[in-house]
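Before any comments, here is the structure.
Chains here go by letter, A, B, C and D, matching the order in which they are written, and residues are numbered from 1 within each.
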Amino acid sequence: MKFHGIIPPVVTPLTDDHELDVASYERSLNRMIEAGVDGLFVLGSSSEVVFCTDERRRQIVETAMRVADGRVPVLVGVIDTSTPRVLEHVRVAEELGADAIVATAPFYAIVGQKEVERHFRLIHEATDLPIFAYDLPQCVHIKLQGDMLVRLGVDGVLAGVKDSSGDDVSFRYLTMANDLAGHPLQVFTGHEVVVDGAYLSGADGSVPGLANVNPDLYVEQWKAYQAGDWDRVRELQTQAARLMRITSVTRGEFGFAAGVGAFKTALNLMGVFDSAQMPEPVLPLEGENRVAIAQVLKQESLL
Amino acid sequence: MKFHGIIPPVVTPLTDDHELDVASYERSLNRMIEAGVDGLFVLGSSSEVVFCTDERRRQIVETAMRVADGRVPVLVGVIDTSTPRVLEHVRVAEELGADAIVATAPFYAIVGQKEVERHFRLIHEATDLPIFAYDLPQCVHIKLQGDMLVRLGVDGVLAGVKDSSGDDVSFRYLTMANDLAGHPLQVFTGHEVVVDGAYLSGADGSVPGLANVNPDLYVEQWKAYQAGDWDRVRELQTQAARLMRITSVTRGEFGFAAGVGAFKTALNLMGVFDSAQMPEPVLPLEGENRVAIAQVLKQESLL
Amino acid sequence: MKFHGIIPPVVTPLTDDHELDVASYERSLNRMIEAGVDGLFVLGSSSEVVFCTDERRRQIVETAMRVADGRVPVLVGVIDTSTPRVLEHVRVAEELGADAIVATAPFYAIVGQKEVERHFRLIHEATDLPIFAYDLPQCVHIKLQGDMLVRLGVDGVLAGVKDSSGDDVSFRYLTMANDLAGHPLQVFTGHEVVVDGAYLSGADGSVPGLANVNPDLYVEQWKAYQAGDWDRVRELQTQAARLMRITSVTRGEFGFAAGVGAFKTALNLMGVFDSAQMPEPVLPLEGENRVAIAQVLKQESLL
Amino acid sequence: MKFHGIIPPVVTPLTDDHELDVASYERSLNRMIEAGVDGLFVLGSSSEVVFCTDERRRQIVETAMRVADGRVPVLVGVIDTSTPRVLEHVRVAEELGADAIVATAPFYAIVGQKEVERHFRLIHEATDLPIFAYDLPQCVHIKLQGDMLVRLGVDGVLAGVKDSSGDDVSFRYLTMANDLAGHPLQVFTGHEVVVDGAYLSGADGSVPGLANVNPDLYVEQWKAYQAGDWDRVRELQTQAARLMRITSVTRGEFGFAAGVGAFKTALNLMGVFDSAQMPEPVLPLEGENRVAIAQVLKQESLL
């Protein structure tokens, strides 16, 4: 099986007292599946994976597996600081029936490409699950080199890449090298705003956080791309970019609080989530910031 | 009790098959205690905290507590990506009898100073243990601001700071602001090479990884500082800087592999550790790199 | 007049003794004009502007004006560290008949967006020439903010932007904001490898250094874009990306030496330039590096 | 002759209409010379070198040479983007009688250590004047490596280094390597706040911008250092650090505007400068920011 198309990184709803909000979660998962997404990615950055205790991680995966119920494949993040910790998460992902796992480079400790490569190889030795490499230098502070990724694809270590690096040039070189090697990797872009450019560069799909808010848009864009209708692809991209302003209209916030905070606030305003609660030590967006997000949603006819 | 003086961040010895090497660990802990260090810091970066499973973390702390046996206080790192995960480590540190805990800013998820401040306040709400803030922007990619640290000191949230930021100007401003506020914080430098300058700036102590290799040197330097003998302080600093070359004489390595790798290799060459094994996915230094480190040790009369 | 299409940043040929190689320069300029480029940009980074004395700057512009002879417009870089120095270059550009000028943010001295905005406004007060803002954070270490650029466009200060920032998301937001404001700015991408994506984002043209080596390719790609033939646009982009490997196949070089060095070496190998000489303190590529570039040129049927 | 001691980087006073304010300049130069400084450094970053036209550069040097009149040596910055431009400034410096010249690495164009080394060697080939390397990665975005600096010292290319890099560890390694090589380089720190630490590390002197505001303090600190009175050295450092707050008490400003802007404002408030005018595109500090600086000056008994 080859993964492709729209695989949203699932945002995790919390209750006001920081429990997993199962009802909201089910609502959101079903909403995306019914919109026609091609898979779900849980326990990525947008799922607040690094804010989760092991127990919370397990809860998030179990619920997603139960709701998905085979309708779409579920990719599970095994993101953690180093190989020994990641391998523990791999065991759980296997146990819970994940269809694939997603791993970043090690982080916090400063390592080089050779340690990163060994990290992925050690994960592969420990599991038969398809492995996606998650390229996210903003969070892990090392870029995954294209040569290494393709080599790991050729060697059967990696099944694919989620590229959230924001480096469109290296993305193009990656898809070209991947094609030259026989396309061993399914290459996804992790961006919301220039997904059309990624498709032009040959992406096999997209993992846009914004698809939690508007899954229909990204599903339609994917179909337009499959049909070769570039004008429509581009038009839908402009719509998505306008909607993405929910992450920049707030004041006094940036990073995770502004990004995932905006997604949660939008989903809360739209009635999908019962709360916009954020994991500690991050506070939910409030007051003027909620108003600003509501305005964007209205302008985009989502409210 | 006020912490002060030399508190080495303890390097963790591994067996060749990646188990905790308890015998080597005991040898190294005793060697530092007998050299006269004023405390031990376990589960910091040098203890390879982010490479440890929860079980390994527990093992490292339990062994250190047992060996220290009240002779010196033991500070325990509760380093992890976010508040919920840190709070789990705090529970274990309390259970095992830690004398203080050490926490960094959250990492991976991009947060700002307000989330960092809330993080430390939430930890303080959850424990009565003295809390040290660990300023390590190279690993967590955010600098702890001096104003915030002093405010948290005044509010009784923080007992001290370990500054490994490499920013000597901000360190000076921190000690000045701390003094102006009545010295609520015990301020330690986390560096090896300009500890003398940190003492001149008013540091209450030092947390040098290199003290694993040569604890006597740093203990003697601390005493010379207490005696006001600046010529001796400076002379010993030059010796330490020469020894620190073990972390830069290797080739093809950098970051954790070169730094902690050199400490482990030196301790192995000196007979303190039975192996220079590193945690996955990092490999131990070998061949020419071991030779280069041995040469430095010989030049410094440690071999 | 609105600038649009392919405006190569002209590479400057030197003789072995570091004089301007006028014969090679004429050959290269004519080659690009005859290939159908829509303009020429001299005294940009690729023209080695910051390596030029005032006299050399003048020589480069005079020669370009003479060769262009009105066949295509000539944009002239007035790049320098601060407003007073830039204004001197503006005087010379006016005197020599430039069709437009191109300015970066101030550099070396650390300034903020308000100083950058004032810089462009002061240049506008001093000249009637159309002004292009050159966004090049890799060299000037500050990103030009889209809001500011559009505001300067609306106010008639800027005629356009050359975006070499490598940030495709901000580029998309810039073109969207520019359209919303009535398209006051002509927006060019300064990249070689994802020009197709920039066209999809609504770019009015491209300023690719690689067009010195293969102007036909970029001219054809622009025409395919004008015709809405996205498959051809993309196909030509893949060709360009393959050719761009001349800047990465060398060893022991990076930055200006690898980039402009590769362009000069390719032009030398192809017989357009008589020498691959570089400005001091940079040395020309030699030996294996020339061989590696020649191989790429052969693979791409340019040799 | 060996340069040593306190060599302030001279701040350049401007009239309100952006001319060189010769009367204020003379007053400030004489004030520093009479305070006992060991030299003057003109056309450095604090002299706003990169804001100067060639004519303004000449004016600044001529005036300084005339006022100094042999009482102290004058070091002249030849700072510019590349070798050819620097060599033009070297000619002028020689013509005007400079005692030494000061050069940074090339900037704007991205180069490596080998180009930087060649840059300094080419300057040396072109002049008999003593050359100081100015290590200022914040502005030129490349760090001068200690090994290279010492090698250039041993080879007679460099007479010294002004280290404004803010990296106290590399500074210590530099002084150690320099001593090991027979002390070919006179090594100065370019900082204001941890000059005492630099002395402990073996600095031959200091180039503090703040000495424009309070030259007596730094001269006295240098003498205390020469006398081995570390307590006094440290005490004076604390005074200097308190005064340095003039660069951080302002709001809405940073970089050059906050730093040199504060020095000019202080000198204006103290009656040394007739205006706090800044070079375009930077505006002078005003309103609340002037009040904040005046308060610091009062607290430090300079007003």
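Quick notes
Methods note: a residue touches a chain if its C-beta (ideal position, glycine included) is under 8 Å from a C-beta of that chain, and two chains touch if they have at least 3 such contacts.
This is a predicted model, so every value here is computed, not measured.
In terms of the stated touch criterion, chain A and chain B have no partners in common. Farthest chain from chain D (centres taken as the mean of C-alpha atoms): A. Here the spacing of chain B and chain D, counted between their Cα centres, is 36 Å. For the pair chain B and chain C, the distance between mean C-alpha positions equals 49 Å. Chain pairs that touch one another, listed by label: A-B, A-C, B-D, C-D. Against chain A, in their complex, chain B makes its touches with residues 45, 48, 50-54, 56, 79, 81-85, 88, 106-112, 115-116, 118-119, 122, 138-141, 253-257, 279-283. Put simply, chain C touches chain A in their complex at residues 166-169, 172-173, 176, 191, 193-194, 196-197, 200-201, 228, 230-231, 233-234, 237-238, 241-242.
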